[in-house]
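Just below sit the structures, each encoded as structure tokens.
One chain, chain A, links the two complexes that follow: it is found with chain B in the first and with chain C in the second.
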Partner chain A sequence: MTERARALLEYADDELILGWRDSEWTGVAPFLEEDVAFSSISQNEVGHARALYEIAARELGTTADELAFDRKPDEYRSAPLVEFRRMDWAATIARHVLYEAADEIRVEALKDSGDEEVAGLAAKMDREEAYHRIHAQMWEERLRGEPRFQAALDELWPAAVAVLPEELRPELAARTGRDLPSNSLLLAHERGSHAEEWPALWEEMTEVRRSVPGAAW
Partner chain B sequence: MIYEVFRQERKGQAFAHAGSLEAPNDEFAEEYAREFYGRRQESEALWVVPRTAVHEIDDFVDELGRNYHRVDGYSLKVKLKEARDRAGTSPS
Partner chain C sequence: MVTEDQVWQALRDVEDPEIPVISVVDLGVVRNVRVRNGHVHVEFTPTFLGCPALEVMRERMAEEIRALGAEPDVEVVLDDSWSTDRITPAGREKLRQAGFAPPTPRNATAPKLVQLQSDAFRCPYCGSTDTRLDNIFGPTACRSLRHCETCRQPFEQFKTI
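Right, the complex of A and B next:
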């Protein structure tokens, strides 16, 4: 697999799985307006995953659906940060804030990449991500004084750093005003390892596809 | 806080009431309004107004029944016909 396809799959897997996890709030968010807003953000993420998978699929001679749902659990390249099961609202927002901060750096790098197709998609995605960032910042502001939120930020920080390739990590540390975690702390969160909840999520996510293999839906 | 949202469908058109939403502050209200009334390109612009800023007046009195003040209370067509009949200039 080329470096390009690998990077596209990492990004697509992150967006698909985060979208899935955030959608666990549909119907149970703290109030209706937020329920709609957060569900819509999660749908955007799945839409981004689809577009990224499509580019990767053309290169790999497969389809977006096959990449999204027909791989084995250990073939997914998602960062463990996005795999954690629905946490409490403070921790969900902490993940959202950290992920959007990392994602902004990643999408900027892709917009500047020489790859015209990927840069074009990154620019499109970034126009939606801008609203995700506004949403994340509003909540960050609102929960700033909440100890559960601060504790979740500290706890999730190493996993958030591991979303980015090594060369982009110092930028995330600089923007968030945090220190980069030690390599030993990062190890459990690097791509290739998965969160404890991942196998159960994979089972559920691929359940319908696996129920009738090869079907045309 | 409750906010009222007004929506302009096309440039130049009047804003019409779209609905209301609940949000903890102005910033959230704007974000939610965008989400509910703008994300499908169905709006050119939105006005997001705290309900407390809307002054409702609904106590209209018309004690003397002066229906000629109302656009729907005074049938010009009938009056005109009567006048024409009196003057013998009725077009028929």
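Right, the complex of A and C next:
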């Protein structure tokens, strides 16, 4: 697999799985506005995943659906940060804030890349992501003084750093005012390892396609 | 023989299924139409990438082209050529009349929270700019929810992207 296809799959897997996790708040968020917000954010992230999978699929001679749903659990390249299942509002917002900060740096790098197709898609995605960042910022300001939120940020920080390739990590540390974690702390969160909730999520995500191969909806 | 003008005219009958007052042409998502030997190639950009109306619009455009007796090829282009600034003046007015506040013009930089909270957004019902942000997100990806302090009407505001 080329470096390009691998990078596209990493990004697509992150967006698909985060979209899945965020959609778990539909109907049970602390209030109605957040049901709507997290549902809408999920829809955008899954839309981004589909577009990224489509570019990767053309290169790999397959389809977006096959990439999204027909791979083995250890073939997914998602960052463990997006796989965690934390039905706790403070932790959900902490992940949202950290992911959007990392994602902003990633999408900026892609917009500036020489790959015209990927840069064009990244610029389109970024228009939508601007609203995710505004939403994250609004909640960050609201929860800033809450110890549970601060504890969740500290806990998730190493996993957030591991979303980015090494060369972009110092920028995330600079923007968030945090220190980069040691390599030993990062190890469990690097791509290739998965959160302990991952097998159950994979079972759920792929259940339909495993029951009816090739199913489309 | 079908002409490009006929195709553009036919596409004016294809509505956005989530906002049936506006056509794909007024929405500015049809980027190019080319006719060659009875084949009609349409380049079409999604508004939002996760928009579920995408496939419906694509299929409806193909139907309209077949009805002209031509073979459609509707290509979805995933580049950055669409922004809400592409909505035509006629399209904006149709949105407003249907109770959707049209998007504000795009700035050089991405929108910021402070702008959504303090810029002037006009109520599509009474025209007042004394409105407040209720929710950045709304019933579809492209809309936010606002509330008019003058006529006390909640309304949907198109996001600027």
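Note that the second predicted complex is superposed on the first by the 213 of 217 C-alpha atoms of A that agree within 3 Å, B and C clash if a C-alpha of one lies under 4 Å from a C-alpha of the other, contacts with A are read in each partner's own complex, and residues count from 1 in each chain.
Throughout what follows, a contact is a pair of C-beta atoms (placed from the backbone, for glycine too) under 8 Å apart; a residue touches a chain by one contact, two chains touch by 3 or more.
All values derive from a computational prediction rather than experimental measurement.
A.B. asks: With everything superposed onto chain A, say whether chain B and chain C fit together or clash.
C.D. replies: clash
A.B. asks: Who touches more of chain A, chain B or chain C?
C.D. replies: C
A.B. asks: With both complexes superposed on chain A, which partner does A:A51 reach: first (chain B), second (chain C), both or neither?
C.D. replies: Once the two structures are laid over each other on A, A:A51 reaches chain C alone.
A.B. asks: A:F31 in the overlay: touching chain B, chain C, both, or neither? Say first, second, both or neither.
C.D. replies: A:F31 sits against chain B, while chain C stays out of touch.
A.B. asks: Report for A:R144: first if it touches chain B alone, second if chain C alone, otherwise both or neither.
C.D. replies: In the superposition, A:R144 contacts neither chain B nor chain C.
A.B. asks: Is A:A123 touching the first partner chain B, the second partner chain C, both, or neither of them?
C.D. replies: Once the two structures are laid over each other on A, A:A123 reaches chain C alone.
A.B. asks: Where does A:Q43 make contact in the superposed view: on chain B (first), on chain C (second), on both, or on neither?
C.D. replies: In the superposition, A:Q43 contacts chain C only.
A.B. asks: Could you look at A:K72 and tell me whether it touches chain B, chain C, both or neither (first, second, both, neither)?
C.D. replies: After superposition on chain A, A:K72 lies in contact with neither partner.
A.B. asks: Is A:H135 touching the first partner chain B, the second partner chain C, both, or neither of them?
C.D. replies: So A:H135 meets both chain B and chain C here.
A.B. asks: Show which residues of chain A both chain B and chain C reach, each in its own complex.
C.D. replies: 33, 36-37, 40, 131, 134-135, 138
A.B. asks: Along chain A, where are the residues that touch chain B in the complex?
C.D. replies: Contact set of chain A toward chain B: 31-34, 36-37, 40, 131, 134-135, 138, 142.
A.B. asks: Using the touch definition from the top, list the residues of chain C that touch chain A in their complex.
C.D. replies: Chain C residues touching chain A: 48-52, 78-80, 82-83, 110-113, 116, 134-141, 145, 159, 161.
A.B. asks: Sort out for me which residues of chain B touch chain A in the complex.
C.D. replies: Going through chain B, the ones touching chain A are 21-24, 27-28, 31-32, 34-36, 39.
A.B. asks: Of all residues in chain A, which touch chain C in the complex?
C.D. replies: 33, 36-37, 39-41, 43-48, 50-51, 54-55, 117, 120-121, 123-128, 130-131, 134-135, 137-138
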